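The two complexes that follow have chain A in common; it is paired with chain B in the first and with chain C in the second.
Moving on, here comes the complex of A and B:
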């Protein structure tokens, strides 16, 4: 087994991204992991991420796939007895991953370009009724979706960089 | 001209680690009237005190300034030192260099040293104006009021009564016994709770020095240490206590069913009932909220009256207020159990088979609703899987941050009881965060639980679900095995913590006993005065001061009783001479002081001066606590507090400003 190599500088970087330092209060009650929506299928263990950050074992986290498995159900935020909020730690790690230009799952990149192009986080979907009819916006006489104003893209990119 | 000695204490490195004590002592030498200025490692030590005493004698000092820790810590020590050297003890001034300087400004040693100098300068300015004062002696009542009849109140009352003090024991419920009487067994020895408690309850009732007042509440407290006047409201039981023999015939005929509070509402009793199987006094009580006669008046029901051979039932009984004079008060009002329905995810209140630990006690107790058979509340079946979940409401920033101190041991005990009492195969799980078994014999008890094949899961479930068939299930991740378990449970027992009583706010206001951040009553000092409140003569015992198990509660209760005996045994006590005095000529008789004095220590008197009637305030010395409210409110400056006169305080303020850089001519 290889030795753990804490990196306290990287740890400070993550702490700086969080408004509070509550994650250091985590006493590993495991409530977050017991109830984690992404645990059963995607093996996300929020308590492990918090512990790794607290001990400074953070170098591999931003480039790992596991931080992208969180489905942001926020159960861990609501139920954490120490307000350590694993969700916010995972979000900080994601931001760090973007900064470090680590590999980001395609779906997220697609979502960003989608927003830039249409101003929407989802593409308009077709729906199927109980009578098995397929409907789209035209059938429902909904107005056409207009692309966002030109200034939107600039504002959006600026906001992304600031985060 | 005074001759002042200044003594700067290092307090080891507590002060000297931050403040340059040498510089401060050197600086003090230059202050007016200072004859001697020294610094020393521990001023409170024997050589430190002797240094002060020698200087008083040799250098003829008449005023002493000691720059050291908080006056709450050592003011008395240094007053005695000074007194032994023949100086009036009230000619000393304590300057707080520890709590106010070194501990507050740890990272700014230079600024801290400047602040220390300023405080010493202020102390020297003030000490010159101090006047010698004489201590007051007052006689005390040798009676004690004990509030709360749980194990803490019972133990305190018995100790006091055995020492010859008259005790008034006031209990809110119809019976004494408190929380302990609701428990089945006690850890770590598994003694039956009733077996060790009931004899003590009976002793209380029989003791000739104890007046037991159940179904009663304290409504008013006046006076001061050694001389409290207490009003106690005795609520009507609607039973003649002298006639009732506790035969329970009335409870057989009463048609009204009421949730049984003693059984944590798991069963029902009648509107007329005896509080519990071991109740002391064993006298029936009528619940006025449910009794048909008391609710609808006249001619309704009255079946119990017909059934009672002793003719003990009296629907005309009225509340009664009793006045008693006591020297000391022991507060032993206990605690409540956390209401787990506030922690919604665990399903308490939604699922009948999710119960709190106190409910488990009632289910397990032979005198409880199931006669001691461990069954599920929903369907009365023997559970095949029982899960205990720890730290419910405790160690949780959403509810209570403190550790409940009993939960781990309660759970171990209940898990052992379940294993012993259920003869069929039963899976017992304990979901925990940290298992704390810290007391004498406690870790051995934990080992005993492990021996009995109880499964410990290092992890807490996030939520408890109810399946359509009514069973309970949840996921829990175990950090020992790194595995996720899905557990189906028939009974989930929540390790609910202890929380302050919901009416502790009123009690704290009534007795002037302050509360700590966790909501419990605050001790005068966390280490050195754990048995007293900051209010003189008011002592604390048991879980009202913080969550406690039975051994700790009994120890504290005996300690509080000993403290009360220590205070009152000599028949008189010395009071601080810091009291208000009125300058007759300045008093205009406006009565402002009278209206705000919290100790009712101001008396308005009429006097004839030169043929004219004059109205003026007078201070009742024994009642005055020297709080200073009157002095600051008096519009004519007629009332002053000794040792804190306007002149003394203003001189100190001027000394503070003298060294400050005043900018802009303000």
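Moving on, here comes the complex of A and C:
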């Protein structure tokens, strides 16, 4: 069995995304994990993620399902006494997973292509009411949805290429 | 006051009751809504893929608001409100991000305006309109009604961004409920998350979170759960049955938007505020509204 090796390059990539947040200040008080919404259900332990990133042990995290268990309730950002913010670290790890072409939940990629296509992540739905009427925006006299200008697509793609 | 309004995806594509109730209720409180030129994503779902683009999309919404010439922007969705607020903070604090985003915006002849104030439904009603004005405008106080409130996560955290209410003890939604004559209860699960963000990766866990909270609310024997976020409404109202199945409970909790409850107190026709669209047992609630 070989020991995991630190990957300082990936560690730097993550730190670069955390403008102003000092991960090294984390003293493992575990306030984040004790209040984590995803702890009980999915065993997310934010303090462990911070520790691994601090040690540079970041090769396995982007391909692990654990980074996709965060509910984004932001309690860890709020409660961290050291402003280390596990939430932002997890988001940086998700970005790294995309960069490394690791397996990521399909719904996220679908959101990107939907925005490209229509500007929104979903198409307007018809609602079936409790009395089984089928209603859409027109029936409800709601204004038409206005798609983005044509210029949007190209600039959106350009933004997606930035790291 | 005239304010620009950005609806986001969730409201425009399915949570019509929130849009309808806001469009009905706000003009009666002297707030005029001006829609943006485009309906486009705020950036939230993109943050997991590329956080720079999320900031760009958030800043782009403010730039679209800038085209209206108004200084105020209402963002009724919690998730959009957070994404746009964080983009605003990054534009303010990171010259590097700000420079790159302004350059992208310029390609569409858009201009970012840091002075646009971003409101959510809750603080617009509580801080700008004010409880006194709401009390005076109410024609049918909802006396005898007892409800539980759910403010959601992203409009109260994290405080460094400047949020709508206190992160650990939010009171504004409760105050707003009291202003229309109803009563609220305090409960241990008040700050628990609806789970919606997990729908994309772990749908069963998402439903389990929603189900656990609904079960707790059901045990309070209140008349309704009151929310102010389309994602929370989606979980608690539209997905209530599935959530119940996931946690092994038979759930029957009427879930409404605060703006729908306010609409009832302003004596607006039920269909105009979309009460026919809620999927949960709101008839149970409606039967308790004083005639």
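For the reader, a short list of remarks on this structure follows.
Assume the second predicted complex is superposed on the first by the 143 of 163 C-alpha atoms of A that agree within 3 Å, B and C clash if a C-alpha of one lies under 4 Å from a C-alpha of the other, contacts with A are read in each partner's own complex, and residues count from 1 in each chain.
As a working rule, contacts are C-beta pairs under 8 Å (C-beta built on N, C-alpha and C of every residue); 3 or more make two chains touch, one makes a residue touch a chain.
Because the structure is a prediction, the values reported are computed rather than measured.
Set against each other, chain B and chain C touch different numbers of residues in chain A, with C touching more. Touch criterion met: A:127 reaches chain C, while chain B stays clear of it. By the touch criterion defined above, A:47 lies against chain B but remains apart from chain C after alignment on the C-alpha atoms of chain A. Judged by the touch definition given at the top, the superposed model places A:39 against chain B, while chain C stays out of reach. In the superposition on chain A, contact is made by A:151 with chain C only, not with chain B. Within the superposed three-chain model, A:112 lies in touch with chain C and out of touch with chain B [touch as defined at top]. Of the two partner chains placed around the shared chain by superposition, chain B is the only one that A:82 touches, whereas chain C remains out of contact.
By the touch criterion defined above, A:27 reaches chain B but does not reach chain C.
Judged by the document's definition of touching, chain A residues 75 lie at the interface with chain B and also at the interface with chain C. In the complex of the two chains, the chain A residues touching chain B come out as 27-36, 39-40, 45, 47, 75-76, 79, 81-83.
Chain A makes touch with chain C in their complex at residues 17, 19-20, 37-38, 41-42, 65, 68-75, 77-78, 85, 91-92, 94-95, 98, 104-105, 107-109, 111-112, 115, 119-125, 127, 129-131, 133, 135, 137, 140, 142-143, 145-149, 151-152, 154-156, 158-160, 162-163.
By the touch criterion stated above, chain C contacts chain A in their complex at residues 9-10, 12-14, 16, 19-20, 35, 37-41, 45-53, 56-57, 82, 90, 93-94, 97, 100, 104, 107-108, 153-154, 157-159, 167-168, 192-193, 195, 197-202, 205, 208-209, 274, 276-279, 282-283. Residue ranges of chain B in contact with chain A, taken from their complex: 345, 391, 395-398, 433-434, 458-463, 474-479, 484.
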